[in-house]
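The chains carry the letters A, B, C, D and E, assigned in the order they are written, with residues numbered from 1 in each.
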Amino acid sequence: MRGPAFVELLEAAVPGGVVGTNLEAIDPWVEVVPAAVADVCRWLHDSSETGFDSLQCITAVDWFESDPKKAAKAGWDPHLELVYHLWSTRARVSLVLKTKLPRWKDDQPGQPPEVASVAGIWRSADWHEREVYDLSGVRFVGHPDLRRILCPEDWEGFPLRKDYEMPLEYHGIRGR
Amino acid sequence: MSQVIDDDPRIIEFDVRTDEMLVNMGPQHPSTHGVLRLVLRTDGEVVSEVEPHIGYLHRCAEKIGENISARQFIPYTDRMDYLAGMNMNLGWSLAVEKLMRLQVTEKARHLRVLIAELGRIASHLVGMGAYGLDLGTFSPFLYAFREREKILNLFEEACGARLTYSYITVGGLTADLPPGWLGRCEAFLNEFEPIIREYHALLTTNAIFVKRTGGIGVLSPEMAINYGCSGPVLRGSGVDQDMRRDGEPIYTAMYDGYAFEVAVMKDGTYPRDRAYPAVPADAVLGDCWHRFFVRMLEVVQSMELIRQAIDRYSACTGSLGEPVKIAEKIPAGDVYLETECPKGQMGFYLIGNGTPKPWRVRARSSSFSNLSVLPELCHGCLIADVPAIVGSLDIVMGEIDR
Amino acid sequence: MSSSVASLLPVLAAAEGGLNWQGFLFLLFAVLACSLAVAVVVADNVVRMSFYLVLSLGSTAGLFFLAGAEFVGAMQLMIYVGGTLVLLVFGVMLTAQEPFVAIKTPVRDKLLAGLVGGALLAVLLQAAVSGPAWSGSTAEGGNAVASSSGQPSATPLGMALLGVRVDGDVASGEQSPADGQVRSGYLLPFEIVSVHLLVVLVGAAYLARSKRRKSSGGQGGGASTGGMR
Amino acid sequence: MAEYLIQTMGLPGWLTWSLLAVLSAVLILNLMAGGALVFIWAERKVSARIQDRLGPTRTGGRFGWLQSLADGIKLLAKEDLMPERADKMLFRVAPYVSFCASFAAFIGLPFAFDMVALRLNVGVFYVVAVLGLEVFGVILAGYASASKWSLFGAMREAAQVVSYEVPLGMCIVVPVMLAGTMDLVTIAEKQSGWFTNWYLFHDPFTFVVFWVYTTCAVASVNRAPFDLAEAESELVAGFHTEYSGLRWSFFYMAEYSSMFLVSGLAAILFLGGWNGPVPIASLLGLSEGSGESTGAFVRLLGLANFLGKATLGVLFMMWIRWTLPRLRIDQVMTTCLKYCTPIAAVMFAGAMTWLWVFPGGC
Amino acid sequence: MNLLFDPVGVSHYLVVGAILFTTGLVCMVVKRNALGVLMGIELVLNGANVNFVAFGSPVLRGEQASILGLDGQLIALFVILLAAAEAAVALAITLNFYNNYSTVDVDRADDLKG
């Protein structure tokens, strides 16, 4: 079930959802559009052929280069990438799902981009999405309780963004 | 009187209208294993809701990882699960090696197995001892630490550190074993083997222990998988999964040729049911007792693996190989690798971009997912069960908060 | 030296043979019992009230010991102080929320109650003091406990509860046990009290049950563990 | 002794009585404080040996026997903290209530023949009744601390102690019934002679009753595995969470004194009191009444016997504490109501029947 | 007679009993908290008990005590037992009241008022 056949199956299940694949990478991955994340995940979880019953990890990667010279050579536009690592306990195979989000919603800095939550599909997504929201600033729509998890609740900014700057002062504690 | 759980005989029916109370368990509390804070909503002794608050030990490990080279990140992995630093070193090293398509020598491979399994024993000993502490018995804790000290002595001889080893590293290990080490290791194993029976007498088969853990915090296999639980927590629920056998090739290749049975209940029995205590009648698959027992069996399993590794390692003639340079460039691309750490599956995700520094480092912590199931397990339990359940998950806050 | 102490305490100095230790203990316990009883009335906080009440009842138990009623004293400690008040404190805890811990009484009511109480007290004291000489031979009062410690005091009580009066012949001297109409045992009251206690336990457990919940029946319940005593 | 003082020294009666009262009080107080120090030291050493450790080794010589004194001095010097929202008066008073209850119970406990502060007709009843008052201090402490953990501990203690008094009382009634008196001195005297005269070996029922008594006694003084009121892994420190320094040490002393008290009670009720397993004194032809010095010797022997037995009981409790995990509150109540109480009741009936079938003993 | 200068006798006990009784009565009247009323009842019963014990005490009354014999102590015992029972029932009623009204203020228990 690995390889192109699986991608075809996925494309058939969620038409227009898959926008790119890389099957030659060390960890082959499938890229889906943000709007289809929930549908794809639901299918991956429920479908008996795949049965990815466990979500191991959600990672947000901030593709952003603050140095304009390097940014010109980077070969990508600034964006935010969500990486889902799925695992099937029955078939004992893993799957990497990626989706690209804008860095800020409507290009307004400070406004986290939005994507559908998968906490209803895998309960493990609950805390992982909270962590991604906390550290990288992605708003998961439909999450039951989207709060900061590691940082204090009144913390400002998203520390794992590449352009994040430590606050000068937090409740009287020097930051920098 | 928030909810009535009819079928649970432990819940005393309330005759008096009482008021709910919010109680803070932690971050300074004797049995929350560090700085975990649990907000309990209780009605008398009955807990209706538990909300974990984490982050008190957040040290920005992932952000730091983006600013140092891959090999420099090794000491930071030590400080995640500080009770099993060796296994964390191994997980990160393998992930970087996977990205660099590096293969360590045969001798380094067996030494890694040897060290990692010793680390597993050391971690499970803490888990076991601290669990006794959670249930109010102090002595097993010291018995466990007495044996752990011996392992730490061995580690100290091998790498000079007792807690944060940075021994296993990208491309191999920082040093070979000192002369005579293998003999001492074997001597330790021989000493340790009969002591396990003491642990079983003090805890596993102790009537009060069974009463306190049997049937408490039952985690169904479906729920365990859904919550992303792993390690003994997952296997305690009867899910047959062990990354050492089911993981990615680069990790399973390490255990190639080793004989071991995954410690999980199959058809109502554990692989070692004959030699070790039978499952008591009070215990239900997926409860605290099973999680604890799986850990105890894994200790035995690890001892066997260590014995095999000692044989293989001493049979190796080649060199240990050299670790990569501190500022070795890592290729572009992204890899994710999960290894079977004592607490569960520890995943490292790393993105390289051709410079020595990774573009992104992500640590998928097993305790993080294991802890997230806590509110589910503590539904309607008694206050005294909360430490029992938290202890059976065997969490380490350093790994959860990173 | 003795005279200086004695002059400070005229009550005790008056007793024959210098300071009477029993008198001293009586005074101590009596003052404690009364002042703490007053404290119960004065206190606003329910828990404090119950604390004062415990001490007051404990001091009364001390008075019982002094009067030679050791069994009653121990019983007072056990049941009253140990049992009833723990029950009471349970009640306080179960019902004590911030606004209810202290429910204030209007000063007017307090004054009125004080007046009425004072009048009653005056009448009672008058009756207590001006009554006939209650005591038979005051000379023996001095070393009371010492004299009574020879024979067990609990045995006659126990026998009486079983319907046998061992003190009958002591009381009526030459009266033969045959015309025991004067003194009968306490078997019937004892049984009545036993059954009463049982009924009360069941009743209390029943009353305290919450009736709003659909009951699955069978289980006894939490409050009855407190009432089980 | 009082007569002796009055007649030979010519002291006035009131002075004699006060002197004697103060003397007994001081003796008991010292026994409590000193006993607590010794037992705390013993607890540290015993637990250390059980756990493959050494325990205190430096303070006061090789065996660290001054350790608890050093701890006491540290506690004296500690800052005395009181939560802001605490009920200040009750918070201050609570430790003394516990301590006084423990102290008052000692008044009725005989240590050897005639070595009792106040010989009461209802000694056993009195001791148990007063010991039960200790719980009141704990409840007050839990309430007054204004801490939820303390309140939990107090409520647990109240429920537990009040419940365990029932089987405890039933167990105590059995030797009382055998002796036909509630006077502790008489009960102990009736068990003189060889150890087979002890009520423990009187009949099979009393043997069982002794173990039920042991269970209930451990529970009623809040020792592991029944130490739910202070369950450190659940309730931080239970009812004394907010206490520090001297006040805390009063709770501690009360705990160790009541341990000694219930052990002493067990020794008197079941283990022959001050009568040793072998009647050395009577084999030698000595008795309490024979002469000034031999009488004193016999009494001292009895004292040693009694203290030895009570200390063994305390050590037994320590052994249990460092071996077993803690029970849960519902299991504690189950143990009491479903096991101890019925067993005690049946054994009581059994002992009664035995007495009826074998009136003269077997 | 002079209470202060007599050795302790029945009258002394009667005085204590009177004071306890009166305070208990005042407590019952004054307290609006149902538990306070309960405590007042306990005090009243206790004051009565003091009298019973005093009249039946061989220590205080010498040979006169045999007129009452053990009756004083026995009645005191029954009073203690019944007080315990009474406390249990009263507490149950209070708890029941609290369950329904969320207060223990006796002035609020006026549902039967016409």
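Some observations on this one:
As a convention for this text, a contact is a pair of C-beta atoms (placed from the backbone, for glycine too) under 8 Å apart; a residue touches a chain by one contact, two chains touch by 3 or more.
Just so it is clear, the structure is predicted and the values come from calculations on it, not from any experiment.
Shared contact partners of chain A and chain D, listed by label: B.
The chain with its Cα centroid farthest from the Cα centroid of chain D is A. Chain closest to the overall centre, judged by the mean of its C-alpha atoms against the mean of all protein C-alpha atoms: D.
When you average the Cα atoms of each chain and compare centres, the chain farthest from chain E turns out to be A. By count of C-beta pairs in contact, C-D exceeds the other of the chain pairs C-D and A-B.
Measuring from the averaged C-alpha position of chain A to that of chain B gives a distance of 26 Å. Computed centre separation for the pair chain A/chain C is 74 angstrom, with centres defined by C-alpha atoms. For this pair, chain C with chain E, the centres built from the Cα atoms lie 7 Å apart.
Mean C-alpha position of chain D lies 32 Å from that of chain E.
Within chain A, no positions touching two or more other chains are listed. Touching of two or more other chains is recorded for residues 12, 16-17, 44 of chain B. Across the assembly, chain E contributes 95, 98-99 as residues in contact with two or more other chains.
Residues of chain B that touch chain A in their complex: 54-55, 58, 60, 62-63, 98-99, 101, 223, 225-228, 239, 241, 246, 248, 333-336, 338, 345, 347, 349, 351, 359-360, 362, 364, 368-369, 372-373, 376, 401-402.
The touching residues of chain B, when paired with chain D in their complex, are 10, 12, 21, 23, 29-31, 44-45, 132-139, 142-143, 146, 202-203, 206, 208-209, 211-212, 382-387.
Of all residues in chain D, only 47, 50-53, 148-149, 152, 155-156, 224-225, 227-228, 231-236, 322-331 touch chain B in the complex they form. Taken in their complex, chain A has these residues touching chain B: 25-27, 53-57, 59, 61-62, 83, 85, 89, 92, 94, 96, 122-124, 126-128, 131, 135, 148-152, 159-160.
Per the touch definition, chain C reaches chain E in the complex via residues 10-11, 14-16, 20, 22-23, 26, 30, 33-34, 37-38, 40-41, 46, 49-50, 53, 56-57, 60, 63-64, 66-69, 71-72, 75-76, 79-80, 83-84, 87-88, 90-92, 94-95, 100, 103-105, 109-110, 113-114, 116-118, 120-121, 124-125, 127-129, 131, 133-138, 140-142, 144-145, 147-148, 156-157, 160-161, 165, 167-168, 170-172, 183, 186, 189, 193, 196-197, 200-201, 203-208, 210, 212, 223, 227, 229.
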